[in-house]
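When the chains are written out, they are named A, B, C and D in that same order, and each has its own residue count from 1.
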Amino acid sequence: MGVPLWRRAVAEFVGTGLLVAVVVGSGIMAARLSPDDVGLQLLENSTATALGLAVIILVVGPVSGAHLNPVVSLGEWWLGRRDGTGLTTRDVAAYVPAQVAGAIAGSVLANLMFDLPAVDWASTDRDRSHLWLGELVATAGLVLVVFALARSGRAAVAPAAVGGYIGAAYWFTSSTSFANPAVTVGRAFTDTFAGIAPGSVPGFVVVQLLGLVVGLSVLMVLYPRAEVGVDEAVVPQLSEGR
Amino acid sequence: MGVPLWRRAVAEFVGTGLLVAVVVGSGIMAARLSPDDVGLQLLENSTATALGLAVIILVVGPVSGAHLNPVVSLGEWWLGRRDGTGLTTRDVAAYVPAQVAGAIAGSVLANLMFDLPAVDWASTDRDRSHLWLGELVATAGLVLVVFALARSGRAAVAPAAVGGYIGAAYWFTSSTSFANPAVTVGRAFTDTFAGIAPGSVPGFVVVQLLGLVVGLSVLMVLYPRAEVGVDEAVVPQLSEGR
Amino acid sequence: MGVPLWRRAVAEFVGTGLLVAVVVGSGIMAARLSPDDVGLQLLENSTATALGLAVIILVVGPVSGAHLNPVVSLGEWWLGRRDGTGLTTRDVAAYVPAQVAGAIAGSVLANLMFDLPAVDWASTDRDRSHLWLGELVATAGLVLVVFALARSGRAAVAPAAVGGYIGAAYWFTSSTSFANPAVTVGRAFTDTFAGIAPGSVPGFVVVQLLGLVVGLSVLMVLYPRAEVGVDEAVVPQLSEGR
Amino acid sequence: MGVPLWRRAVAEFVGTGLLVAVVVGSGIMAARLSPDDVGLQLLENSTATALGLAVIILVVGPVSGAHLNPVVSLGEWWLGRRDGTGLTTRDVAAYVPAQVAGAIAGSVLANLMFDLPAVDWASTDRDRSHLWLGELVATAGLVLVVFALARSGRAAVAPAAVGGYIGAAYWFTSSTSFANPAVTVGRAFTDTFAGIAPGSVPGFVVVQLLGLVVGLSVLMVLYPRAEVGVDEAVVPQLSEGR
């Protein structure tokens, strides 16, 4: 028997919360300590995020699959409908709110660790069409990475691969690769390096969902079939009964 | 039965496209955000490229072998002629155009993500004999890494090894290690950090092909024989029939 | 039969000593060579620490488990009491003093390598409540990483995961993540980048112990049971009799 | 039957040559592109070296063991005398000259790639007692890493571990961790970032040999016995007859 849903939802809450704490916290530290070079700030922020994300996936992966991202949960649900495996609708209805709540909690935690108000709405406007293109590419790429590994039985390398992908995508996409609707919402709660103005959130979420569609489309061309029993993202779950 | 050729060509197109998008896009981001230190720009660019390349090899490897590079495809074809395995002439004739087309598409995509004209011919002249020596060393080293791993049955570490090699070669070769004729062509389409003037492309391609010969020569001294069944670069392909 | 306790204590002494030498030494080098940007200093310090810590865990792991940290030893002892495995009280009484002595020796060694007085009490005051929150989060996260991997039979990835975690935590926690009472004591012996004023040590140690409690609490929710025979942190020990 | 000695010597020549080309070449690039911050130069140099070294060990490991360092070859010979395995005296007499010749060739190659005179004696004096202490620690640590992994049957992680160790040791030792007599000689042939004045070479080599003794002494305490058949540094050699 699998891990009960409540425990998996807690894992998604904790994991997404830690992820946003890493993203926001390292952004604050970088902006404070390297005030003269924004590129250096982003390098510090991206390095911490790549390492932190890989470790978080290792930690919560066996419990919940370490989606940490509504786009991944939706993708797994859709692929599972085709193949008769994966997340149920009820699972998705628990995962996504847990991810969003975790992301907000992570942002608040980062603010408090750095002696800032618990909630401070971001003022960084990110409403530009070329940033949306960047965000679409970032999300499509993430979806492709996650499910290409799952479909070819290599979920064991997913923690390093997903961390590495985000570490690169911070740089090669113009939007610095949010690529995650829950994290995008969480990042509206902090007016710091990683913040996004609440008014820019809906546009980002829409293109992230488009990125999911594009990513799955490319996946279907490259990996039309899943190997038997391996279509689990991001990492295989522990069976509770062991 | 193996993956059909059309699907492998699509994988080479997508993979090479993403690679050039990473190289060019992270170069634009680095030059914009770290205007005062070219070394820091290169560190940001090389870090993003190393991580991105490793992930791309993981993603398309099981489909096409993740050559992403005409030099690698030619090397595999030549080694396969000796051993009775590897790419056929028909495969090469599909892989190389897919790689070049992908590289151009990746350059255009990066330009668009950063709000630049889709095509902007590069103006960076790279026609210097010591840069050619750098490029020859860079390509020979890449060929040695790829086929040494393939010949000793360790293709599973190729994604990290090839990414790490390029991350080092950006720094230790004077040419910043293009080491790839398709990527070189693609980088002529963007007048940004990673660009190369069209007039410098033929010289680079010629020394890259010389680097292939040098790399294979060293390989033949160190690894005169392939272990049975493992001479597949970069990663073993999925069998379609599984 | 297992490795004798005296040998395991030596391993903890050597390992913790090298860890503090890495933390303090790379901090001195960074502050000397990059005087104009504190963020760059921290990036240099965190990169060296992440790599060094991972390697040290590889080296002493098979001998002593590579705790290098009283919080980890106490956590293993407490988890072992519940499960009938793990460290005995006598083991803890040898490990913790060896870790503290090693940490002090490592600090002295770093001072000497950089031509400083062997002991120079740190003057950096770190007594602030938001730093304590950072330290609590840092330690709870470390405990969660170490024991989540141990409880799910993945101790083989612990060296990279623990190194990567600390590399991220230097950045996302406001305290730069000491997360280790022995290392905290050792860092009082050097008045350099990584130093902590002796008067700030007790506060840090108290919140680190609170972090242990928080980390174990989250662990019990996510991983209520250990898989049989795998509850060994950080890496499985060699049997002496092989 | 094993790989013939001449082929193993070629592998040591090629591997050590590439290593010095990486060390010297990335040092030149870093000093040219980041003229305002020596710490940033060292970060660029250490990152390239860590990645390059790991890849070189992967490439030549199955042929010669990837010692690339007389200290490692001597250590393996000494440990093999005790255990009846490892390098013979004749092997050592071929390996060490190949390593030194390779190191010189690598330095010359780096000079030429960057449009400098093929040989330019270094002027950087490194004759200071605290640098010798740093070098002793650096070499002892390297010896401990290499043989701890070999003695516990984990040579497969040696490429990443040795690369990561050097990446850290560039920072935590005051000498920036040469830790290799052959590489030290090679680095006298270039008057650039990584150079060492010929007059400082003998002092460094003496403390490196002392570091070998210290490293082996600690090894004997932590790992008094080798597991059967695994005492091969750095990576297991291919059998020629396969």
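Going forward, contacts are C-beta pairs under 8 Å (C-beta built on N, C-alpha and C of every residue); 3 or more make two chains touch, one makes a residue touch a chain.
Note that the structure is a prediction, hence the values are computed from the model and not measured.
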Any chain in contact with chain B as well as chain D: none
Shared interface partners, meaning chains that touch chain A and chain C: none
Relative to chain A, chain with the most remote C-alpha centre: D
Interface residue identity across copies chain C, chain D - same or different by half: different
Rotational angle, Cα trace of chain A fitted to chain B, multiple of 5°: 90
Whole-Å gap between the CA centroids of chain C and chain D: 28
For chain B paired with chain C, centre-to-centre distance based on mean C-alpha positions, whole Å: 40
Residue numbers of chain D (touch at least two other chains): 37, 40-41, 43, 47
Pairwise touch network: line, ring, star, complete, or other: ring
Pairs of chains in contact (touch as defined earlier), listed by label: A-B, A-C, B-D, C-D
Touching residues (chain side chain B, partner chain A) in the complex: 7, 10-11, 14, 18, 21-26, 29-30, 32-34, 36-37, 40-41, 43-45, 47-49, 51-52, 54-55, 58-60, 62-63, 109-110, 112-115, 238, 242
Chain D-touching residues of chain B, taken from the complex the two chains share: 37-43, 46-47, 50, 128, 130, 133-134, 137, 141, 144-145, 148-149, 152, 154, 157, 161, 164-165, 167-174, 218, 221-223, 227-228
